[in-house]
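Attaching a single structure in structure tokens format; questions to follow.
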Amino acid sequence: MLSYIARRLAIAIPTLILVSIFVFVLQKLLPGDPALVLAGEERDPQMLEFIREKYRLNDPIIYQYVYWMKAMLQGDLGVSLRTNQPVLELIGDKLPVTIQLATMAMIIAFVIGIPTGILSAVKKGTAIDYIANIVALSGLSIPNFWLGIMLILLVSVNLGWLPASGYESPFVDLGRSLKTMIMPAFVLGTALAATLMRHTRSAMLGVLKADYVRTARAKGLNETIVIIKHAFRNALLPIVTLSALLFGELLAGAVLTEQIFTIPGFGKLIVDAVFTRDYAVVQGVVMCTAAGFILMNLIADVLYFLLNPRMRASL
Amino acid sequence: MTTSIDLNAPETDGVRLESRAWKKLKSNKSALVGCIIVTFFALLAILAPLLPIADPIATSWSAVRKAPSAAHWLGTDEIGRDILSRMIWGAQASLMAGVVSVFIAVLVGVPFGLISGYFGGWVDQAISRVADALLATPFLILAIALAAFLGPSLSNAMIAIGLSAMPIFVRLTRGQVLSVKTEDYVEGARAIGLTDFAIISRYILPNVFAPVLVQATLTVATAIIAEASLSFLGLGQQAPSPSWGSMLNVAKNFMTQAPWMAWWPGAAIFLVVLGFNLLGDGLRDALDPREG
Amino acid sequence: MRKKLLAALLLSASTIITPALAADLRIGLQEDPDVLDPDQSRTFVGRIVYASLCDKLVDITPDLELIPQLATGWSWSDDGLTLTMDLREGATFHDGTPFDAEAVKANIDRSQNMPESRRKSEVKSIESVSVTGPLQVQFKLKNPDATLLAQFADRSGMMLSPTATAAVGTDFGAAPVCSGPFKFVERIQQDRIVLEKFAEYWNADAIHFDKVTFLPIPDTTVRLANVRSGDLDMLERLAATDAASVKADANLQYEEAVSLGYQGITVNVNNGPKGDNPFGNDAKIRQAFSLSLDRDAINQVVFEGAFAPGNQPFPPTSPWYDKDYPIEARDVEKAKALLKEAGYDSLDVEVQVANNPVQTQMMQVVQSMAAEAGFNVKLKSMEFASLLADQSAGEYQASQVGWSGRVDPDGNIHQFMTCKGGINDSKVCIPEVDKLLDEARVSTDNAVRKAKYDEARAILIKELPIIYLYHPTWIWTLSSKLEGFTPYPDGMIRLENVKLK
């Protein structure tokens, strides 16, 4: 097991290095001179030169990459060109927000997706199954940003039930924190619920055919108990691994949702940084989300390994 | 000649799978619905120049942001253009973006996947790591950066989305190749000295076709949303040409005064994406050899 | 001892009896400010925060008169080379450092010499600062500079605690220490900036809030929804298209002021090879273009009439506006004739525009108006960062950009229209204009300055290196619970005398 994890981590390193090269090259290719953005409206030539020197924008790109890598390995991600704030500190500010949003979205997805998935598998071929499937596909097909706009319009502007934007830490004011997060979490959650529902359904269908479920039924056990205790427990494996993967994607996948609900998380940070050519922030945050993504992939695989009785037996 | 019969086996298999799949697809109601939706929008897009609708870029200062009426069935936009007409022309942009970007993704991704899976070794390692890295870089961020780099336009958005979606096809193809590489007929083909190119194109590619088709259909759905997202951020279709995403980008500023500007493009994106998802699902069920 | 106790009791009692003080104010901003260091900062929105955080040497009235703030009085020497300023007694910085002449000297030194300073060009006319008394400073200038006082009414005049700047240097922005009515508490990027009342503020009686929170909320509809729901008390830069609904809402107040800035189309006249085209070479064609536009209609269609149409760097309401050249009415026939005179029936013009919906909408209106006079306008939509780069490199034919505006007229024209102007992206170069604008800079007599600007206008209105279109109006929306707000043309939010009803 440990050697498996070690091997996976070893593969992750070249992947991360490649990510770093992509990100670096890509944004160096971006048109627009960050010095012009940073120098202010007056664009004093002396200032332009100073900024180019300070951020080494005049150096060959390979040198710039090496400087950045070297600093990063020492735990220094640089400072935001826009606000002078250390990127590491920024990530520390934004990560909890994004994790809270992702967690709430996952909870909503579980609450909606898993029961409907089970129901649809148990009632396979009936109208319920059919409707559940259509609803799930609809959840997948609604553009997040449109759903977000429509919800703001309906819930905040017309009905005035929830704040239209903003963020409050749950440690400061839990009620307000939940109130500001519930709509964006719902927007993200609906799409995830659809994916979860479909996977739950197919996993359940597989399990329901299995011998031990038939045995349990034959023993005359209550059908609900059979479904929950015998079938669902065994169908849980792919759901858990899938959830880890989805969570990994959420770390940077809420870009537009965060933008629309003005949530100060990773997604908003990156997009704003791309548009203001805040190189250090783009690099730092993308590295961070990529590492998170790879980590969640690894966790998914490890969970699969640990939860799968057959694979455990082979250990 | 026994070998040649053996070699032909997978092809007849393919034909049989195809006709069976077609039958299954036809009996799948949701796939049919998906097919109808997609065809409807495709027809709109193709026939846009022939339909008796207003000029999608003709402005009218006296009809700015008017609610739906007999003259303008879906209302008018921020500079008095007919929204119905812009919706219909916008279908072109959205469908093109979806299909072309997936075409790019397939065109680039499948060959790399084939090479990676077939040859293995360091080539495989290199291609797989690059695909992994691309997958680990957030899709929309990659697309945003690419679109910003190439400059905001519809065709550049398509390239950006295509390249961002490419690694999915590399992985899929590679996995598929690995699973058929060790089959007897491939071994046989190698034994009689066929070139790698011939083996790939004759025996491996046909096996890759079905899953790629399914994935491509589903990715068109994702790509349409991606195009809308990029346009929503101002990086896709440019004024005055319409696309649903850029219409939404403008509409969000008039949410309270002219909500109809946001209703229709959003609903259209939803429908067309649903159509492709239904169709993709149906194809998957039909082409899945496991479920007889 | 007893007296002290009594005083303490009275003091605590008095804080109890004044519940009006226990008030928080939440203000919605359109953008997230950049670094909160007046010497390093470069965004308009940052200045809105400074208006509560950092006092300046001088301030302006809504009519753009200069009035005392940290300086209580000033006088010019006859040769215009020495400015003597008397400073306010009893002003302190938020860290307790007293405000005095030494602090002013240290601040000017920082603006001039810190490598990261974006203020260098604003204070470059200052040769030296001498401390002539504990509360008096003298600025010796290299050359007469009429614009200096107006600079002191903005970021260059903001006084930072010399103790803090000496201690943290360029990191000042992480926890700015000034002498304004509010002191810095915390900032979370893209989320909020929190300030609290500074009890020792010299004008503390005029301040009626304990805490001010600035929240960047870029989406205008969302910003307005937040004021409507009571999550915000005030917002800046309401979309003009929302004005009608705000005016109709009894729970909201609508305030506006025509800004000091402008929006226009900058034409590449001589900035590299791309300026060598009919549109850049022939002023007649630019005149035709300008004539083809109905500026009132643009204002009506895009801004519901809330903005101010314009044809000069100063809005028609400004004392610097040249009334001899009012906005010409649209005349398509005359435009066509001018174009014909220049040798064209129709002409392709590529205009780059920032890819935000409002500017794009505005340019589409321009596009369709100009089309009627024979201009085939192609809009090149670009991200702002790219647009800026191409514009300064001369990689453009025409570009739709604006200027946030300055208190002194010089700031709206000199750097754009002089041959060596720092932001002269059209690279227009007319020696006569250079001379006039340089002369307007040095005179401290406004009548003389106005005459020079008018003379330059007579030339520039024909050359049209920038085709001015309109002047945005700053629009604030306030909850009806508030009173005492005064709109200023510089777009700042001054919280003196603003209070809950």
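Letters A, B and C name the chains as they come in the text, with residue numbers starting at 1 for each one.
One rule holds for everything that comes next: contacts are C-beta pairs under 8 Å (C-beta built on N, C-alpha and C of every residue); 3 or more make two chains touch, one makes a residue touch a chain.
It should be emphasised that the depicted structure is a prediction, and the values quoted were computed from it without experimental measurement.
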* Structure fact -> Joint neighbours (chain B and chain C) are A
* Structure fact -> Most central chain, judged by mean Cα position vs. mean of all protein Cα atoms, is A
* Asked: What is the chain whose Cα centroid lies farthest from the Cα centroid of chain C?
  -> B
* Asked: Approximately how many whole Å separate the CA-defined centres of chain B and chain C?
  -> 47
* To do: Quick one: report the Å distance separating chain A from chain B, using the average Cα coordinate of each chain.
  => 23
* **Whole-Å gap between the CA centroids of chain A and chain C** => 39
* In chain C, what residues contact two or more other chains? -> 219, 221, 383, 386
* Which residues belonging to chain B are in contact with no fewer than two other chains? -> 148, 151, 252, 255-256
* Structure fact -> Residue numbers in chain A touching two or more further chains are 30-31, 152, 157, 275
* To do: Provide the residue numbers of chain B that touch chain C in the complex, in ascending order.
  => 59, 61, 64, 78-80, 148, 151-152, 234-235, 238-240, 249-250, 252-257
* Structure fact -> Seen from chain B, its contact residues with chain A in the complex are 30, 129-130, 132-142, 144-146, 148-149, 151, 221, 225, 228-229, 232-233, 248, 251-252, 255-256, 259, 262, 265-266, 269-271, 273-274, 277-278, 281
* chain A-facing residues of chain C, complex -> 32, 34-37, 40-42, 115-116, 118, 120-122, 170-171, 173-174, 188-191, 215-219, 221-223, 225-226, 228-229, 231, 383-386, 388-390, 392, 403-404, 415, 422-423
* Structure fact -> Touching chain C in the complex, chain A uses residues 30-34, 36-47, 50, 54, 80, 82-85, 90, 93, 152, 156-157, 160, 163-167, 260, 262, 264, 268-269, 272, 275-277
* Structure fact -> chain A contacts chain B in the complex at 11, 14-16, 18-19, 22-23, 26-27, 29-31, 130, 133-134, 137-138, 140-143, 145-146, 149-150, 152-153, 157, 249, 251-253, 255-256, 259, 270-271, 274-275, 282, 286, 289-290, 293-294
